[in-house]
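Chains here go by letter, A, B, C and D, matching the order in which they are written, and residues are numbered from 1 within each.
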């Protein structure tokens, strides 16, 4: 007949806490391995981290991307230059327009028509890029806030993002994956009344930003979970190839729009916010400031945008008007060759880069003289930033992985390509 | 049409469904089930942005009783596959699905989850239904939020009719068990 | 006096044999002069005027296809005069051209499209109505003509005259009403008629076999060799989605030049007819493992007395398959080796490309059997031997001279791509890849060994013939150490003296026609 | 803009450099692969160069085509250069950029890793290894990064078919489940 405690153990399947010995009470001395992701709400669905933890403290993190590897390069090698635009949309799907612009610029570089795109098209590109940058930052901040429990901020920013999506939809016809930019210009002009609706929208977003700042900036929980978390030094940031808001939060004063100006950015006035401590809070603050700068740029653009064509007048790259394509054999052939064989890009290699939502987004193209790229490499900021995360999370608690990842703003499509 | 196509993947699932007459209790249970779907968002890619919109203030999936995402498969009964499933992701998806308790339903959100879409290559899987059975497919790259709500209503009809994959499977097992008992 | 002349084209010095024309010389330095009527395999007529270039000290532009190179000649192809001539010529050509690209079979591989896009690319200036002509003219058994699309280059007329030796096409009427038509009392039915479709620079002539089946730009091309007869014409398989859609001749100066016969073009249909897609045992489908085990078991009884076993090599299969089976036959020390092939068709031989022997690899099998020291007999002598035979391993489905009743009494093991002929009577049938589905070499009547590439995967469980032989060999305890057709080839050239210097070219990967530049 | 970088390079590293060039605003230097690490260290540490910021690392597979008009693949042998590994560098201090390219033969695609000099190249070189099978000597952790360990081959090489999948898992009730088909 077993004694009372053993019987209890048999019945309950475990010992009662008071029955535990001292050794059993103590935490196990050896390190533990915890798997996080790939399907984890904070891992954005596409990253797996194998954490080695000492209690709650992270000793080592093996970050494994690749769960969203959709073969951007291989697909591009089998598509015409124009057909690559939809693939670029889905790289950084939070700011697709910027990717479009980057790809268009890279192709224009190899074609030798870089800088010859009509002014109005360039302005439109800047407008849609900045709107995309805003959706990117709104999503990044909103989602991160939600992951830290601030659900209201998420809903407010999502509301603002929705306004921008609706505007972008009137421009391109799609809410998210626009494929709006073309080599040599953009696919269609801005719709009537766009000026007024964007002005209106920006005013409302101004308000939303103020609201969310009020909710977050002096919020003790938010502050405590962001401040001092995932800090990186300036030197580390540079050597690890960090760019964009993350590098700027570390004090790296570098912005492609200002330092390697492209498009019509030289004609626009904007400030580049730079942080000091390089922690999550600084990354958040830099992003909020960039949102305000975006609004500033957009307002200038609306004032300065000239009238004129939106596509370069070059038969090598521009499609003929639809009426001509249907009614004359010459334009029909041109249309056909553009669509089926692709824009014939002369042999050469070029690297073009723009300031994406997360920093320097570059496309490296090798052209072989046919209508498709021989190689199309995407320099994705997310991938570079994610590679630093192993260092960033070291020494922090498991819960801190969430804000660090949120503020790195790893976008699966762009990181895994 | 789309619904019927999906059921052909299970052997004679439609036939089984016809055999399975719903009792009043079944109807009541299914009525309850359809209005309290707990979603596991298996978010991998671009469609996640639209999933946020669906969950967000304007489209508000809460109107259909399916607003509350559960990030544990054991607490959820609707698996939303939102985005591209790669070969590397496949085992994780299967694991999550297997961990969900019956009855469970699956929505493939967007063309990538449905067929692979324009990602036909060495890494992207040609549709999540290569790994798990899917109840409703939503086309679109990404689908508009309205389409998602439409799909949700389609799924609700399906649940009410007892024609979800897992419902049919359960029913079939029951029928087989009864048949074996009576022998 | 040297037989080379040196001239300058757009600043590039180039040396060419005497008699070469300027257009060909320009190709050597990478300058592609536009032309419609010129074809390297046909007589020069210089009638399209598209290839005009300026030659120094010559006041008028010269057609570069007709202008032979002279010593010290200075040619310009990009100066204002010849550029303008090209553009204007294209504008003229397009004046009456219908707006057919979306419904035209040639679109995507059309020379007119290519040249317009590369050399003119200007908007239309014509506002008068186009001249209309007949759209669907049935020219013969294989070909349909669209007279509106025709740009009157006369390539097709010359193909009939030169390649087939029959004058079946001509021009009628004058000016913008001129049109292509059949010669009086003729129709376009010669044995090489489909070459006219290949050379047609526009979509005027289309093949009934191919039209409206597949868009040209969707296709992938894989180089191969025709298996229609022992000539071994070099071809390209145009395929998509795991099936061939057409065969197109590939240039080989030593074999078929630019041409092939109509009969050969249709051989791809056989790739999808009566295919053996799974291994069978006693006529019922079985997996590879079971089929091989069964084959080995049934053969095993006779392997102790191999005189009772016969092996049939095939003049239809490639060298690798035959070499593998011949090697196995030698290892087994079988009593009888036969060579099977389709019976010759003497009426076919025409002194051009078509030969009487309709087997692609007769010479190859002969060389292999000789090199391995096997004495072979033709398969039609099989009947006399059947009495002393108990088991037969055959390659291919052709087995002439074997009565069905007697075959049924044998332990017949067939390695075949098709389920017909003797294969349905086989005790064990092993599915093999057909010629377009596996890498290999075949030997034509002249003894030239030519490489075939795999265009797409074989259906179902089928694998390359030599691989089936390797599996069969392993099951009977014979080790053949090959994992790739290249390994078989390497061993084969070591054994066949005449082939010892051959090399195995890299596997050709499908070339997407869409990005390969236009053809025509 | 960075012509002075190229001049300095040719002056100091004449033996290590194959050639230099510039294309579409990018300065390119082709370096012999044995000297890559030395040249790269100098590029980083020399105050006049100060390439402190790495941009990207990738590889080009020249199997199908080459700008110098190399003959088509069928007649081309294995010891000729097939791969070019590109490192794009940038100097934040001097505001100049440079692409370092190294040509590698097919049978021995191997070069020294730069991950020790710039940590950013750690993952980028892993990616290049994963996609092209380039071996980086001295890399601390050369594993696959995008594809899974079970994956065979290097998918971005030109001879890897685009749609050749290597499934890890498939449903059992699929009739045409590829993993159930007999492996050839």
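By definition in this document, a residue touches a chain if its C-beta (ideal position, glycine included) is under 8 Å from a C-beta of that chain, and two chains touch if they have at least 3 such contacts.
This one's a predicted model, so the numbers in the text were calculated from it and none came from an experiment.
Centrality by C-alpha centroid: the chain sitting nearest the overall protein C-alpha mean is D.
Looking at A-C and B-D side by side, the one with more C-beta contacts is A-C.
Averaged Cα coordinates give chain A a centre that lies 50 Å from the centre of chain C. With centres defined as mean CA coordinates, chain C is found 50 Å away from chain B. Centroid to centroid, with C-alpha atoms defining each point, chain B and chain D lie 43 Å apart. Distance between chain centres (mean CA atoms), chain A to chain B: 29 Å. Among all residues of chain C, none touch two or more other chains. The set of chain A residues touching two or more other chains comprises 66, 69, 71, 74-75, 78. Taken residue by residue, chain B touches two or more other chains at 88, 121-123, whereas all remaining positions touch fewer. Listed in rising order, the residues of chain C touching chain A in the complex are 94, 97-99, 101-102, 107-108, 112-114, 116-117, 120-124, 126, 217, 512, 514-518. Contacts from chain D toward chain A in the complex involve residues 23-26, 52-56, 58, 60-61, 64-65, 67, 86, 88, 92, 95, 99, 118-120, 122-124, 127, 131, 144-148, 155-156, 162.
Chain contact summary for the complex, chain A toward chain B: residues 38-41, 44-46, 66-71, 74-75, 86-87, 89-90, 93-94, 139, 143, 155, 158-159, 161-162, 165, 175-177, 412-413. Across the interface of their complex, chain D is touched by residues 9-11, 87-88, 90-91, 94, 120-123, 125, 129-133 of chain B. Chain B meets chain A in the complex at residues 42-46, 48-50, 52-53, 56-58, 69, 71, 82-84, 86, 88-89, 92-93, 96, 118-119, 121-124, 141-142, 144.
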